[in-house]
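Each of the next two complexes has chain A plus one other chain: chain B in the first, chain C in the second.
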Partner chain A sequence: MVAVVEDLNARLRGFESLRERAAGEPEWLQRRRRPALERFFALGIPTVKNEEYKYTNLSALPQVEFFDAPPAADTSAAAYRGLGGFTLRFDSGRLAAADGEVPQGVSVRSIAERLRNDPDGLESLLGACAAFEDHALAARNTACFEDGAVIEVAPGAVVEEPIHLVFAAASAVSNARVLIAAGRNSQVRVIESYIGAGKYWTNAVTEVYAGENAVVEHYRAQLESVEAFHTGCFQAVQERASKVSTFSLSFGAAVARNDINTRLNGEGCECALDGLYAVKGGQHVDHHTAIDHVMPHCNSHQLYKGVLDGSATGVFNGKIFVRRNAQKTDAIQNNKNLLLSDKADINTKPQLEIDANDVRCTHGATIGQLDAAALFYMQSRGIDVERARNLLTYAFAADALERIRLEPLRTHFENLLLRTFADKTEDRQGVTEWRP
Partner chain B sequence: MLEIKDLHVSIEGRAILKGIDLSVGEGEVHAVMGPNGSGKSTLASVLAGREGYEVTSGAVTYKGRDLLETAPEIRAREGVFMAFQYPVEIPGVTNMYFLREALNAVRKHRGEEELSAGEFLKVVREKIGPLQMDRSMLKRAVNEGFSGGEKKRNEIFQMSILEPALAILDETDSGLDIDALKIVAAGVNGLRSANRSFVVVTHYQRLLNYIVPDYVHVLADGRIVKSGGKSLALELEEKGYGWTEETAANPQPVGV
Partner chain C sequence: MSTAANELEVLAGQEYKYGFVTDIDQDTLPPGLNEDTVRFISAKKNEPAWLLEWRLKAFAQWRKMKEPAWSNVRYPAIDYQAISYYSAPKSENDRPKSLDEVDPELLATYEKLGIPLEERAALAGVAVDAVFDSVSVATTFREQLAAAGIVFMSISEAVQEHPALVRQYLGSVVPPSDNYFTALNSAVFSDGSFVFIPKGTRCPMELSTYFRINAMNTGQFERTLIVAEEGGYVSYLEGCTAPMRDENQLHAAVVELVALDDAQIKYSTVQNWYPGDKDGNGGIYNFVTKRGACRGRNSKISWTQVETGSAITWKYPSCILIGDNAVGEFYSVAVTNNHQQADTGTKMIHIGKNTSSTIVSKGISAGVSNNSYRGLVKIMPGAENARNFSQCDSMLMGDKCGAHTFPYLEVRNKSARVEHEATTSKIGEDQIFYLNQRGIETEDAVSMIVNGFCKEVFRELPMEFAVEAQKLLGVSLEGSVG
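Up next is the complex of A and B:
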């Protein structure tokens, strides 16, 4: 019991500055933050006793808050530039730099700046999608975030140039916050990149509100330091005939946990949740998805592929809820894993709850190793076994990247993949090195 | 070129090849025929270096070197090629990319310059004609979704690109209709030369009407029970495999 009290006191120290900062914020936000903090303390950082975190151990997180600030991330690296469009860089969740021109039809601003100068219109959006009742980490972010990006797309605006948000870790804990609000008939593309060096914790929340007939294309490149903790929550709410896609690339972090949720609130919605994770050594990666089919005639599509080497561990848990009213739902879920080592481990679990009777829901999960017959076939043509392994691994993983419609980003991800698995494959035909 | 001496091979402790002797000279075409279970495919697999086969005794030399001690990829680079009975599908790797990788591995081994994508394309254009292959097959993943005939043609196409010194065709005719068989055979015949040898493993005599061998060997229960010229194949066709067993020097009951 003493230990618990001490732990609580220790944790509270990290939040002393919150009260002070909140004083300058609009009252509606203060009213939102307080219950979030209370909720976080009530729930605490999830332990493995929590069914949703059974295989993902976050017990080191309370300590990580007191670590020294990590060394500055190298934001000049090619990986964070060169996609065109407009880039905002955040250091530990606070706006640090802007680059490029804001495309027509969209407003991209710092949340802190927007709150300071014209908070009107934000009340109905900020914190509206990201529920934290049952989500301690989203609650913590809601209580603590200082800044972040707010992207508002005007009704009818089609924004082709991507908006790139780079989150670099510069302190022990970063609360990254993103709000995307796409107006009626609008279209927008947003990329989030997470980078850093050393040991730290990024706790990110992205809220997406897709208005009627809006199209939101969202990409997330989690390239944190391999010593870091990354917890990310993506939460979308979709109105009638809207389309949301989110791709999660997860290569970094010692422990990564991604919660990806969308609520299909109107008829005729579509959502595509896809991802690729590639981990090795002692890394751990966890994707928890949840799609809530509330209304009829909605489609959802999921493809998550994973490559696990060394003694890496992974989790995929895909929930699909089909409510009573959600007739003609068409939901497809797939999770495919490639284990490159005997010590690598994956726990994959589909979870379907279907209350409607005229629906099509399919799910599949595979765990496999490299095909020995294919390896021998390649060897028999003169290709050495290591190279053959790399090629087959690349081929398995690259298939997931087909889901990315933003061509330069797909190429960039392919290059990251090549660097991860095959040094020599960089001369691969059709893949040009992406340089800023 | 290839010398096989008293080769004994087991799979999981079960003897499959029970003393094979075979000598293949430069530029020769040898047909190895035999009923199912006689050990034909085992022989082809051992020569290519497939895992799971235990050589219990005997020796195989290729160009005077111990072939069995050589890794499969090195055998390939040294000029040994096996056309698979069941070519393997490799999703996600295009035929074109796969072939360039293979050819460059072979070229590098020979101390030749690796080919760029453009240079490789020229080689491909030159070689693809006789096999009547659809160009789209090059852009598709290796063997994925190919018909049986397309897979076999792709094997011969790979052979024509890699230009081996010793080609082992493992039941290349199985599952082919007569038109496809003619195309495949024409592809093989086009590659025959004074310094390239072939071991053609087949169940049926039919193939040998199109790829005319210099020598025919009949395999039964892990041994070569009869060897002769091309007329032996016709004799076999007429009298059936039962005949060879009766006339074999040391008749052994065939059967599992």
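Up next is the complex of A and C:
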């Protein structure tokens, strides 16, 4: 009992310190943080009774706060050979190191530094897009984040060099925060990598604003330790004729939950949400996507592929909303899953909610296993069963990786994928190291 | 095809055709629901003690339950105390020995409904267990069926004549505590049909029941139980029409199917309860629980439904595939127009090895209606080589209606193959253009396309129903295409 009270006190002190720290922040941010914290306390960590979390059990999360700090992460895991560009590393969500040159036409800064030195212009962006009314974890991040990255692309700037944000876990709970604001006619490429070792929880929120005609290419590599919890929320708002693509790679974490939401706010928008999850052992990975077609003449495309081995469980829930006004919408959604083991589980729910009549919306979901005939064929040509199995698994998943336009990143992930399933031990350490 | 289009046009102008009220002195219970109501119903039907106990237990459970709110339908709160739970035609105390003794006005009602009773029944080859409000008043062809050893009678009769069978199977597929409406139904069910197909028997005719709500403010709580023993086969038809009413009427039925080894049950429904007027006033609330258990090896249960009526449809005919090689099928056309709301779909639970299921669902929404498909495909760990194919297509007519799909796929076995496909579209302008260009008028073209859209489901229906279904489709979509 005493221990419980002490725990509670420690927890409350944690939130108290938030308030002290927030005192130095601009008033508008304080006004945003307070309701977020209240909302988080009101909602609490979602339970499986919540329909949105029916298959994902986060009940262990509150305990994570009391974990010891995890060992230092191996940052080489997120060193993609030949990537170039500009890299920022965050330890527990706080800026730790920078590498490379900031490309022309874009400003990449720490949120804390930006708030301290010139907070102007952030009010309409930071925390304005990531709705937390119904999203306890986003509310928590909004209330608690200390730092993060703010990427602002000048109108008309075409930034070829990728901007790489590495989030390494250094404490029990990390709040990662990213804000990407792409001005009119601009183009930008951003990669987020999540790494760590041991037990911890990363709670990330990424906000994206794509101005008129802007092109935002976003990649998210979740390579957390297999003991970690990862909850991520990606929210994008798109203006007229903008394009946003986000690729979610989910190989790590004991329990991973990704919420990926976009709102197509202008006519002629395009969005592509893609992903690949490959998990084994007792891992659990959950993707929830929601595309809100508010305006007419927008296209959306989704392809999520999953490979599940061991007693891993996968969840996919894809929602497409087509509002009354959103005529001529073209929305395609696909979720394909490969089960490699008898104990693996998959729950998928592609959901369409359509209120406009002149639209084309399709969704498909498949769950299957490796083709026995193909396996046999390969064996008959002298390829042993393990190898044949890996090749077929790779072929299944590589389809999703095709969506990655950054060559070095794709090569890296292809290697990871090959090794993940070639390696029969449950231990996934070492998988993330790169070999040419 | 042009006939169908003409019909569409003619029917478009029609008021609800079956909106008449037969005036028969009824033995009706005043509105209200308490333990005494349950006791009254049970006593009225001269039920054995175990059934009364069963009802009371269900009622106690119902009182503890909350009305579900998860479905994608909206309606004003139902006052369960304002509903009368029992209404029987007067002839109850003195059951008619033959059709001549049946109230002529009642028979006239059937005439108007087009029920093939009397000679027409013989010609149509259909045995009818007609439910007039709550008590079955006439059953035909019983002798012929009895000769084959088939039991086809109202469930209240079955309770008297075959208590052991009823007791064995009643509530075994849909337990009273399954959900709010099944608990209510279990407590107050008035009547329904009971079919028992003994071992190795193929039912020589298609069995059919017409339901009809007739008394003001009387909810109808049918209970249907169909059991097919080893190697049995039966095709059961259910269709319903209801008189025009201004108040919403509650209809909470329960249907249970049990198929043992090698047995097959085919259950077809054409539902056109009164859907309410153009402004969404009135109409039936159709909250139905239908479930079939494929208990035996190689058993098969097939649900086919054409849902065009009711203000609100809340219905998920399901299959529990327990036996190895069991097959479950679900074919559905759901049409909503004006202010209708439909939340319908199916559940396929795969438990046995080599089980397979097929889901074909076609939703058509027009006017300001909302049409949802909600389904679950669940492959349990022991279901080796389970196979599922689902296809859910929606068609939207008009820019104020909505189409929603909520398919859940839960797979616990790697050997499973599960496929789900869904599309939403409107009638393609290129399709209409193509037909126009071949000299087919737009109206005909639309009719042709809609019929083609639903063809996969209609061809699963028995002949008589397929014809009725196509007509109903025309009526339901009145004025929604131009």
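One rule holds for everything that comes next: the second predicted complex is superposed on the first by the 402 of 436 C-alpha atoms of A that agree within 3 Å, B and C clash if a C-alpha of one lies under 4 Å from a C-alpha of the other, contacts with A are read in each partner's own complex, and residues count from 1 in each chain.
We take it that a contact is a pair of C-beta atoms (placed from the backbone, for glycine too) under 8 Å apart; a residue touches a chain by one contact, two chains touch by 3 or more.
Only a predicted model underlies this, so the values are computations on that prediction, with no experimental measurement involved.
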Touched partner set for A:387, first chain B, second chain C, both or neither: first
First (chain B), second (chain C), both or neither touched by A:34: neither
Partner chain(s) touched by A:324 [first = chain B, second = chain C, both, neither]: second
Which of chain B and chain C A:301 touches, first, second, both or neither: neither
First, second, both or neither for A:399, with chain B first and chain C second: first
Which of chain B and chain C A:374 touches, first, second, both or neither: first
Most chain A residues touched (candidates chain B, chain C): C
Chain A to chain B touching residues, read off their complex: 371-374, 376-385, 387, 391-392, 394-396, 398-399, 428-429
In the complex, chain A residues that touch chain C: 51, 324, 327, 337, 339-369
Touching residues (chain side chain C, partner chain A) in the complex: 70, 381, 394, 396-426
Interfacial residue positions of chain B with respect to chain A in the complex: 48-51, 71-73, 75-77, 81-82, 84, 87-93, 96-103, 105-106, 109, 117, 141-142, 158, 162
